[in-house]
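Following this line, the structures themselves.
Okay, so chain A shows up in both of these, paired with chain B first and chain C after.
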Partner chain A sequence: MNPAFAEPTGYMNYLKRVGALAILSAGALYVIVSGGFDLSVGSLMTLTVIGSSMLASNDPNSTYWIIPLMLGIGAVVGLINELVVSNLKVPSLIATLGMMISLNGVAFMWSGGAPRGYLPDTFRFFGRYNIPDVPLIGILPVAVICLAAFGLVLWWGMHRTNYGRMLHAVGDNPQAARLAGVPVKSVRISAFVISSLTAVLAGVILGGRAGVSVDIGSGFELQAITAAVIGGAQLLGGRGSVPATIAGALALEAIFTLLNLLGLAQPIRLVVQGLILIGAVAFATYQRKRVGR
Partner chain B sequence: MTDTSLATPRRRFRFDRNASAILLIAAVLIYLGLVLALGQTRFLTLENVIAILTRSITLGITAIGQTFAILVASIDLSVASVISAAAVVTSVVMNGNPAMMLPAIAAVLVMGAVIGLINGLVIARLEVNPLIATLGMSLIIQGILSYFYNNFAGNVPAEFQVFAYGTIGVVPYSLIFMFALAGLAWFVLRFTRFGSDIYSVGGNQDAARLAGIKTVRVVVGAHILCSLCAAIAGIYLASRLRSGAPWIGAEGVYDLESIAVVVIGGTVLAGGRGGVWGTMAGVIIFSLIDSIFNVAGVDAFVKQVLRGIIIVAAVAFYAARSQRPVA
Partner chain C sequence: MSGTPVIEMRNITKSFPGVKALRGVSFACGRGEVHALCGENGAGKSTLIKILSGVYKPNEGEVLIDGNVQHFTHPQHALLAGISVIYQEFSLLPERTVAQNLFLGREPRKNGLIDNRAMVEETRRVLGLFGVRHKIEPDTLVADLDVASQQMVEIAKAISLNAKVIVMDEPTAALNESECEVLFSLVDQLRASGTAIIYITHRMREVTRLADRVTVIKDGEATASFDHVPAPEVIVRAMVGRDIAEFYPEPAKPEDIGRTVLKVEKGSNYALREIDLELRAGEIVGFAGLQGAGRTALAMAIFGAVPFTGGAITFDGRSRTFSNPRDAIRAGIGMLSGDRKASGLVLMQSVRDNGMLTSRSFANAVGSAAANQFVDQAGMTALLDEMRVKAPSYDQEMRFLSGGNQQKAIVARWLALKPKLLIFIEPTRGIDVDAKASIYHLMRDLARAGTAVMMVSSDLPEILGASDRILVMREGTIVGEFDRSASEADLMLAATGEVEGAAA
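Right, the complex of A and B next:
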């Protein structure tokens, strides 16, 4: 069908394409497992890309302070999300929806509607650069290294630490978790902050690969939820796995790539994503009912 | 009234019941204050009040349906795509021919009912999370629609534009239609068995099932009503824009805005509490906010930021008092 996929390079390019979504999904999973939703991640990605391009003004040295600054903004966004949810008792769906609308507005305000300037190569390094002449696999994109590294950290955090177990407990039954001595509030805060931080990282990688545009992150919040659901995560909390979510993101992108290769247009992509989404959840529910849990 | 009556619990002021009215009054007062402070009394005419109300008829009709979905503890994210699909089907089937008006409306209503039926069955029978089920449905509708059309398609005859542009005196038919629809929804919720079943199922599905209510039917029914309202909103939009395009629903963000309006109107996202008049108050609050921004001359992007903050603040306004944990 396409000779590129007979070569390792083809697969490396595919992994590079999926890097941003996979990292984003793994981070969004933290909020899903804790029982909430984070719809603000896509707009945070947009803000990261627009903000960085506005601040960089073609100065290659600016990358070293822009990325930490963006991570700082991300942490503040995550913190606000959680404080609104737990202090004002606004359902996370609405709280992060409001955040999404506001952040899109901020990104527009910052750029005046049309982003000026572009990202310096030092910034685009993470999303675009390939390490050439690697034995066996040909090229090794930096995005793939980032995916492996962050994927590992997120896996460790959720599945190998006490914190990860508390996260599952909070998502499963917040009352029981509180009575068992879990600091529900700080666990939730960290989940939203982790989700926002990964959104910034995903934004850096996506911006590096795809360049600057005002709607670059739109739709990613739903794709991240889709990837988590394909990976068996339970919405409203208590169940989810980082490796399975990354695999979900890989599967989603693989299907999109396949549709592209078959020459099917964007509309079919939407239909397939919709069918997969409903099918995956219906199947998971059926399985759970069958084993009686 | 004596002071002692304040102490009896029977007369205690139910804050959550009245929150949407308080918000509405606050929005009206801010609007009045702003108009008077700026001396722009031309904004106080009857025509302008009607213009404010007419601005959000699409949102209003959609939100009436969304109220049913949220009351049964479900949610419908597919309304925006249904609006687009309904508008396109309306204008393509009519295609300028007045004789095709009734067939077009019938076709759109059937389409809406079928989409609602599928949504309801996937949610109630397959027990798929309603967010996911309707999100998936939304993607499917949008995909099919934009496979066939990528721009404004067909056009509606002048006779049909009366629905959006015709008036009795100064009041548009469409405004009367929206309030009539809200009245009908109120009647269904307040006086029919189906209405009380909706509140029971939304309050506690297991208890409702054990009490002998056929919960699947109630959820499916609520979703059919929700999709029907979205389809009607699409018909209205086609009449107003004189044609339909596959992006008009998504562009209006009717899915998320209708949910926000319902929640601002005091209907609880967890289901079982709320009503359609609160939703109408929420719709009017939304149009008033827009008008306030216009009168004050707020920059378009700042407007968007404030909109996001106001949605959250309005929900927080009464959610903050709730004792229940939220996620």
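Right, the complex of A and C next:
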């Protein structure tokens, strides 16, 4: 066992590393529960990091308007995703795949091919800074505070509000939901917008931790879906849990960490992730068959 | 019955984790015999059939065909042994033609290619056997057929497989009166040709009309078996375990009927024309008609799901337009969909969540799901109790409940909003006898409390038994108005257009 894991600081660093993915997964879960997919979140994270670095031009005061601006862009992306899905009748898998490719292109163009500029420390605060000398746990990363805070908000929205129950109903059976009076369209729009907003927040944290690169968010969309499925979410909608999804993200990151410790390379990591995704869905289907008769 | 039965099941026992679904059930059916299998939903009929068709393996007991013990491990084995099951949910491929469906997996070949002509001719021959040759063309896509014709195709498939035993699982559930007649005469023909038919139903009329023998299953046991068809009361008592007093409640008295709640004048849309009607508080109005006559379209138009494009609606004394269900619900209209699974229930959610769905939809979206201005958790529990919804817990997922209990849970959903008009579409489809009576009483209680009740139904005895006034629809408009003293024949004639009913 790696000694780094054996003391509290090690655990805190692990939570810090998983923060972005956990928040992202909990947000992506909203779209999954509503019966859709959002593949654009990874590229939206990239866009957030690249865009912020381009706009900041090393001005520490820029953070205060850049993050709201990026959230605004995120909201627009989510809105477009839903409008394409419901008005043009493009399946969400394809619509958000298109959005993913486009956003990657936008990020690439914006950076001019190679990222210039840096993220100011005020921006990187969220992903990188640790509050030192905390009793018992040693350090408390800001990313972990963010995870706790956003996790709580997303849990509350999904499991404690009327909106959350309507979201489940829409994913379970949209026709029944409509005839029961659920405003299906607004429920779906907000699911995509929430997913995009959490992607921007996850981007801010990831950029803070890992710095600027043009493919920083790539692959996160599928990791988020995998985390949700490990957490028992039903693909195609109707069922999902925010705490279990966050736990799924933690488990996924733990597996990756283990693979790292074993000295396995990135390609193996991808293979394992793919197998986990398939395995988790197959297991869930098997379980449902057995229980549901 | 003489000789060896074609199909025999001996002492079948089947357990699922936590439940004993069948206990020592024995059952036999001979050549040219229609054996009715009756029982409430959940009694174990479907499990028995699934064992017969090789979907499940019994824990104990054996299945014999022509006296030989069989060991089915796959539905295909049962099919090859001559057992065809026609399930309620059809197993046809909608995007293929009738002929392709009939020969699925055993297409005739010529020079290594599929012999389309032989396929079409054989299909036409089989369809001709029971006189629907002109109604169904072999090269029609199954998706383009109505439900009754799809069922004919299922039966044709069984015939073309030379089935010795045909099992029909509530075959009339989706059929209207005239389609039922076609089915009945088809069953008669099959019987005459020597096929053994196991006919599952809980409609007494069909048992009386068709069966040679009757077996009643209750709580996983064969509780009664008759070599003749006894009086319906006897069968119902064996199914339910007691007499059903007052199957239909008392009709409304004139003084119970109050003000006009809904008035439609010259209502029309793509499926409807010249709709003039009034629904009054305290009154149950039954809507009869053939499939496609516009009854469901009318309900959907009033409810705003597929709105009227012409005409005027006055609701509760005010001129209104309902362009979506939310408008209608806000004004005080509720609707219970005919196809509960497809458009009524959110099956993966809990019973309580299903009950609270509508009230939550009209409450503050970010407000607590535990309570809203219409109902809170405890209030919903009380409503579900009042409806006598049977569930181990209201936190149980909806999909585990029986049809009757699902229906009652949706009624609770609407009651939370105290609607002025409640629309029931096929309220008792797929619901067992006991639960049916409680739905009728529930509708009557609602009416007595001042709700206007609109009931769309294809079940004529139900229309006549439960309504105060009956409107018959044909080709998108209302063609007749009757009171509850009308006969089934009156309604049928008006519905088919052979004779105009009394002036509407």
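Assume the second predicted complex is superposed on the first by the 292 of 293 C-alpha atoms of A that agree within 3 Å, B and C clash if a C-alpha of one lies under 4 Å from a C-alpha of the other, contacts with A are read in each partner's own complex, and residues count from 1 in each chain.
The definition used in the following text is that a residue touches a chain if its C-beta (ideal position, glycine included) is under 8 Å from a C-beta of that chain, and two chains touch if they have at least 3 such contacts.
Small disclaimer: the values here were computed from a predicted structure and weren't measured.
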Chain B versus chain C as contact partner of A:108, first or second or both or neither: first
First (chain B), second (chain C), both or neither touched by A:238: second
Which of chain B and chain C A:163 touches, first, second, both or neither: second
Touched partner set for A:175, first chain B, second chain C, both or neither: both
Contact breadth on chain A, by residue count: chain C or chain B: B
Which of chain B and chain C A:85 touches, first, second, both or neither: first
Contacts of A:73 with chain B and chain C, given as first, second, both or neither: neither
Touched partner set for A:183, first chain B, second chain C, both or neither: second
Touched partner set for A:281, first chain B, second chain C, both or neither: first
On chain A, positions contacted by chain B and by chain C: 175
Contact set on chain A toward chain B in their complex: 34-37, 84-95, 97-106, 108-109, 113, 171, 174-175, 222, 225, 229, 235-237, 265-278, 281-282, 285-286, 289
Touching residues (chain side chain B, partner chain A) in the complex: 122, 126-129, 131-133, 135-140, 142-147, 256, 259-260, 263, 269, 299-309, 311-312, 315-316, 319-322, 324-327
Chain C-touching residues of chain A, taken from the complex the two chains share: 157, 160-166, 168-169, 172-173, 175-183, 234, 238-239, 292-293
Chain C - residues contacting chain A, complex: 16, 303, 305, 325-326, 329, 335, 337, 342-349, 353, 356-358, 360-370, 372, 399, 413
